[in-house]
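What follows is a pair of complexes built around subunit A, which joins subunit B in one and subunit C in the other.
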Partner chain A sequence: MSTRPSYARLLPCLLVLSLLLPITALAASAGGSWEDPAGFLGRTLRFLSLRDPAVRFAVAGAALLGISCGLLGTFLVVRKLALVGDAVSHAVLPGVAAGFLWSQTKSPVAIFVGAVLAGLLGTLTVGWIRRTTRLKEDAALGLVLAGFYAVGICLVTMIQRLPTGNKSGIDKFLFGQAAAIGSGDLALMGVVTVLSILATTLAYKELLISSFDAAFARAIGLPVRLLHEALMLLLAFTIVSALQAVGVVLVSAMLITPAATAYLLTNRLHRMLILAAGLGLITGITGCFLSFLGNNLPTGPLIVVSATFLFGLAFLFSPQQGVVVRWARRRARRHRVARENTLKTLYHVLESRSFHGDDVSLGELAQRRRETLEDAAREAQALVRHRLARLHPDGQSLILTEAGRQRASELVRNHRLWELYLTHAADISADHVHEDAEKIEHVLGEEVVRKLELRLNYADTDPHGRRIPVPRAASRPNPEPGASRDPLPPAAP
Partner chain B sequence: MTPAPPPAPPLEIHDLTVAYDRRPVLWGIDVVVPAGKLVGIIGPNGAGKSTLIKVCMGLVPPASGWVKLFGDPLERAHRRVGYVPQRESVDWDFPVNVMDVVLMGRYGKLGWFRRPRREDREAARASLDKVGMLPYANRQIANLSGGQQQRVFLARALAQDSDLYFMDEPFAGVDAATEAAIITLLHELRDRGKTILVVHHDLPTARNYFDLLMLINMRLVGFGPTDQMFTTELLQKTYGGRLTILSEVAEAVREKGYP
Partner chain C sequence: MSSLVPDFDVQRVLVTPWTSDATMNGWIVLMGFLVATTCGWVGQYLLLRRMALMGDALSHSILPGLAGAFLIASFLNPGTADGAGNARGATVMYLGALAAALVTTLLIHWLHTASRVKQDAAIGIVFSGLFALGVILITVFADQVDLDADCVLYGEIGTVGFTDYFQLSGRDVAPLPVARMAIVALLTFAWIQLFYKELLVSSFDPGLASSLGIRANWVHGVLMLWLSVVIVSAFESVGAILVVAMLIVPGATASLLSTSLPRIFSLIVLHAAISSLFGLHLALWLDCSIAGAMVVTGCGLFVLAWLSHVIRVRRARHASLPQDAPPGTLASPSVTPNPP
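What follows is the complex of A and B.
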């Protein structure tokens, strides 16, 4: 494909996506302040002014998390490690509980150390199972994820039943509570985010090559294994710093969803990193906003819902891979082929009367194409809409415009050249080539036509003895961009 | 004036045995490859051809024996060695374009944390031009045909500007035009004094392509000038069924443990 996304095309995507979010904000707030627009506006203004310290902390935390998770998640997605994020986030729970038990308080340091250790133990166990048994990665991940998580739940429940100590908030690690983000948590998130940004910018080239082609990276002397472990350590840091805000269950969505959305929107890794971080940031803040509006709906799930909503939009409307976009492109191509077939028929009619007169009646068109008059009229309308033909004032016959005449003779030329080429160069008998030419005629570009003409010695009649037309201007733009601009000798797929 | 000592050979393999999962796949290989030769590594499926070059590049550890590149252990010779892995070994949906992939050939010389500079881009463009892929520089790699993907890998190796190249099946699944273009390029590299080892499994073309042949079937059957290797006896030894005992023993080693 010759069309490639540039920042110029990506930025509008991001803008549109982020503008769409407030609409969902309105919908989400329906329960509370919907009947009271002034209240809604008031709350919006209060959120935007960042007057409440709790809001300030939550927004800053969610924004930092969005960035670090977007960056790390990008590498998880392109390295096909998306499930690893899920496994690590579940595996940290026993570490959280152990850190709590050890320090007897909700000390961020103890919990951080315990959680990182548990997360790393989880990834090491996955690698160990995979290397020493015949089990594959997915089974190993499933085992570790569920096993560690179960232990974690048991420990958390035990802690809650302990008679002593300050145990409040330990259950918040399951689903998170952004409103309870403290300055210690925020500092941790800040450090982790700075680390993520430094790692992905400084070691971008090393991470790129070890992700794309690990064998080549090792062959040029890079410590690929070490890079992987460093990435896993950073992943554990990120996940642990995110626990307070979104909890162990939803962290993996923070990692994967913005990165997966970015993957649908671009073809270059550095753009994917920027996009994923940007999407993480936007959805993080949006989640906080929705939570603030929606009468204390939990922030973590709302962040994930916003991110998933944006993914849905990208899935449907991504310029390259969007389902709707591809459907529309296919439909446009189908319609173009239909129009071109009509044009060709008009040419045939004109040719059959040796090009005497310009107009072809709808009746002639219908008869040639073996269809009803209604169909012929519809096809005529399509040509008129695209300025390939105009209707005679009486409404009953068509006259080709200059562009229409041009395209029609190109199509007939393509068809006949291709038939001639198949019979000459590929030794296919003359009565077998028509079907193939019916399809090829729509995709041949001028460059290939030049080659065909040269190859066929500028022959002027096709295998059935009909004239090959010579369109006047051969330099009109290619109808299907990139379809056949091939400066190399065609390489077989 | 005392004569300088002769330069160390690009590749020296001594008594090399390799095992996967304790099961030996290569036994006691001894080879010295001279400089400026195009060498074909030939043998049946599962003979250990790819494994041999992977050991040379440090991607697979040897069970015993050693490999020296230009007289040095691999760790000190990385920058003089280029690699073309098998095309299927990477994910072609990866978000990079052709230029990004070719630039990777410069990473080894750049070293840690340094970004590709203008001269690296120039080198990458020149390599792309050599394989006829310059017009595709900005194309996403997913939109390439098999032959084009192989050309991109070759361009990346050219950008490495190495003295010794290992290529794993560069002719697998490519069209005739690409195959011809690649072999011309390899001959050109050889003529500039580079040493190239190519894993290949088409016997008839091997005769015209390579200066030296390395016949392999879990051990080194023969190594020498191509016409001397094309004897019924040697080919029979390489492809024939005489090695069943060796693979049986390999199986036994796997079951009972390598001593």
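What follows is the complex of A and C.
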């Protein structure tokens, strides 16, 4: 990306800053002192110093999850599998319940095994339904999501009836409870994070190729199906390890949102992976912090809301993809084209009186452009603002500046060169070329102009018999004396 | 383990429900039937348009809509907006749900048309973000908002409250939720009958639809709004996630068994009836969530239809084309748009 703005590299930092700003604003409004443990600053200090073990566990868990979900989510987003994460996260519920039943306690290992098996069964079922029926991907995902979830709900309500089930806290798997993360859960998350980092670094090339061009990957002998299954296994691992912290419903957001944010910020997969993991980590910690500040607020939703907030910022302001940025760019281009059209009209006015005198009155401009005097005055103002022309002291006529004169003759040259090119090289009749040239005159670059001139043998007259101007900056080699200044006939194909 | 699955006691599971608790169970089955039929009909159009997961998205993003609507209602006239039970509560709920559906649909559309984010990712981002926002709203304003995230997610048909009766000329006709669901079901039926052609053409062939002068965008918008009405009427009995099952499972089962749309619609009714009746008995046997059991029964029916479909395809392939049959050619005659 050669047109990449220089501030693009700072963008992730800007995003993070924008997340911190509201928090600082909150701090300023809340006041209080660092010593007051219940006040805002006191709580911030307690959070930052990681004094409470619960905070330590929650922050570590959210950070690990952010990294592993960001890495895997990247592949889900680029493979257009975003909703598979949602389906799998719902499909693990019966596995969680079965694992609980098997061990009769909330043992992380049993629940992990059960949930991973259920998640894998879910992804396999999606594949079976797709292969053996004409139901579409979305229907298959929905069926697995809802069907497995219903079985899970039945099992959970049955477990809650059991004497041991009441205190099981199995319903916490729906929304998660970051405060209740234990060392066992943390170890699990650590293992999963290390696994996903290892997988993405070791199989980076294979995953890259099979994600973007499955046919090519198959052709060079990569095990595409195996890679997909391995990714699904890893996905099930990640989702299950995330259940404790954010719950069934919001895991899919942890997977998709940071990755989609990164997708808007970069075009390279490795940068996207790093960005997604970083964004996941930051939003995880921010969610924990916000949840610690506001007593009782659930962590999972706060993580998701901060991730969604960052996504919204990237959606609006990303240097290449941002909606606002692109709108501003389009607006600037529209205004430039309008200014250049005014410039061209000034040139035409001057040309019509064989360049006698410098100033063009607003009346002449308005008449030529067939518009009201007010519009002409507004266009003149735009030219003056951009130092392409200045107003005569009487305020009623325009004088082109050096830059304005230069640009105007460039535009007219572009227009007439293009008309000449179309009539000669593309055999389009002379009365059909104007519209096209009106559009292209604003975008022809100097390099293309050089080639056009060469191709047209430095012709100096356009198809309508008007002279093609030579802007001062454009030095052109002197043609051989006596050589024909007529354009060559089109080259034989 | 033995206490998990109780013995199958014919008396308790099959007989008593229809001798001592007949009214209550009758209403439960009727409610389940109405929810499954209405959702199934609307969901069939979602399946045809490959938007099955929009149902998932809307059913989640309705939560902040409801929370916001209750919040605004309680600010406007404090102390009057309580629960979903009374008429005002119901109005507030429907308005909130409609607003949420509108916002969700527009946001998803905007995200995937204005940036390179694909539609599936856009759906995932929008609904999870809105759902998280809803959970936070409910937690922060717990006093003003009479909603419970667990309740929205689970729902339970048995606790809907069949005590307040809808009265017509002084006589009890049906419990309020059942009456409301019946009205929604009737409206859905009328809507499908009235706009059958528009819905059909714009689902199967958007190009033809626009050449016939049918505004595909309007059809899509109305479908989404109506979907939100159906979801909000259904979610208090089945919960936000099981609504997705109610939307997808009947249609998916029916379209494995038939290729004509009118027949699919009748099969959906049959599917709804079987799954709600057998679901109730399954729930009574296992003593678990009734809505969950109804969906599990529905999924069981889907698995049966799936198996019979697979067997039929195998047999057809063996009979007519022993070799060289590309997989899926016989299996996939597209649904034919027969007139009703």
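Following the convention adopted for this analysis, the second predicted complex is superposed on the first by the 434 of 493 C-alpha atoms of A that agree within 3 Å, B and C clash if a C-alpha of one lies under 4 Å from a C-alpha of the other, contacts with A are read in each partner's own complex, and residues count from 1 in each chain.
The rule is short, and it goes like this: contacts are C-beta pairs under 8 Å (C-beta built on N, C-alpha and C of every residue); 3 or more make two chains touch, one makes a residue touch a chain.
Quick caveat, the model's predicted, so the values are computed rather than measured.
Legend: residue contacts after superposition of the two complexes on their common chain; A:P298 is shown touching subunit C, with no touch to subunit B.
Touched residues of subunit A were counted for both subunit B and subunit C, and C has more of them. In the superposition on chain A, A:Y263 contacts both subunit B and subunit C. After overlaying the two complexes on the shared chain, residue contacts for A:V325 are found with neither subunit B nor subunit C.
Of the two partner chains, subunit B is the only one that A:E206 touches; subunit C does not reach it. Legend: residue contacts after superposition of the two complexes on their common chain; A:L456 is shown touching neither subunit B nor subunit C. Contacts of A:A403 after superposition on the shared chain: neither subunit B nor subunit C is touched. By the touch criterion defined above, A:A219 lies against subunit B but remains apart from subunit C after alignment on the C-alpha atoms of chain A.
Shared interface residues of subunit A, touching subunit B in one complex and subunit C in the other, are 80, 263.
Against subunit C, in their complex, subunit A makes its touches with residues 77, 80-83, 85-86, 90, 101, 129, 131-139, 141-143, 145-147, 149-151, 153-155, 157-159, 161-163, 171, 174-175, 249-250, 252-253, 255-257, 259-260, 263-264, 294, 296-298, 300-305, 307-308, 311, 315, 318, 321, 323. Interface residues of subunit B facing subunit A in the complex, by the touch rule stated above, are 54, 57-59, 75, 78-79, 81, 83, 85, 89-91, 94-97, 100-101, 104, 107-108, 110, 112-116, 132-133, 135, 138-140, 142-143, 145-148, 151, 156, 160, 166, 174-178.
Taken in their complex, subunit A has these residues touching subunit B: 1-2, 4, 78, 80, 202-203, 205-206, 208-209, 211-213, 215-216, 218-222, 263, 266-269, 271-272, 487-493. Across the complex, subunit A is touched by residues 1, 3-5, 47, 50-53, 55-56, 60, 111, 114-118, 120-121, 123-125, 128-129, 131-133, 135-136, 139-140, 149-150, 153-154, 239, 241-242, 244-245, 247-249, 251-252, 255-256, 283, 286-289, 291-293, 295-296, 299, 302, 306, 309-310, 313, 327-328, 331-332, 334 of subunit C.
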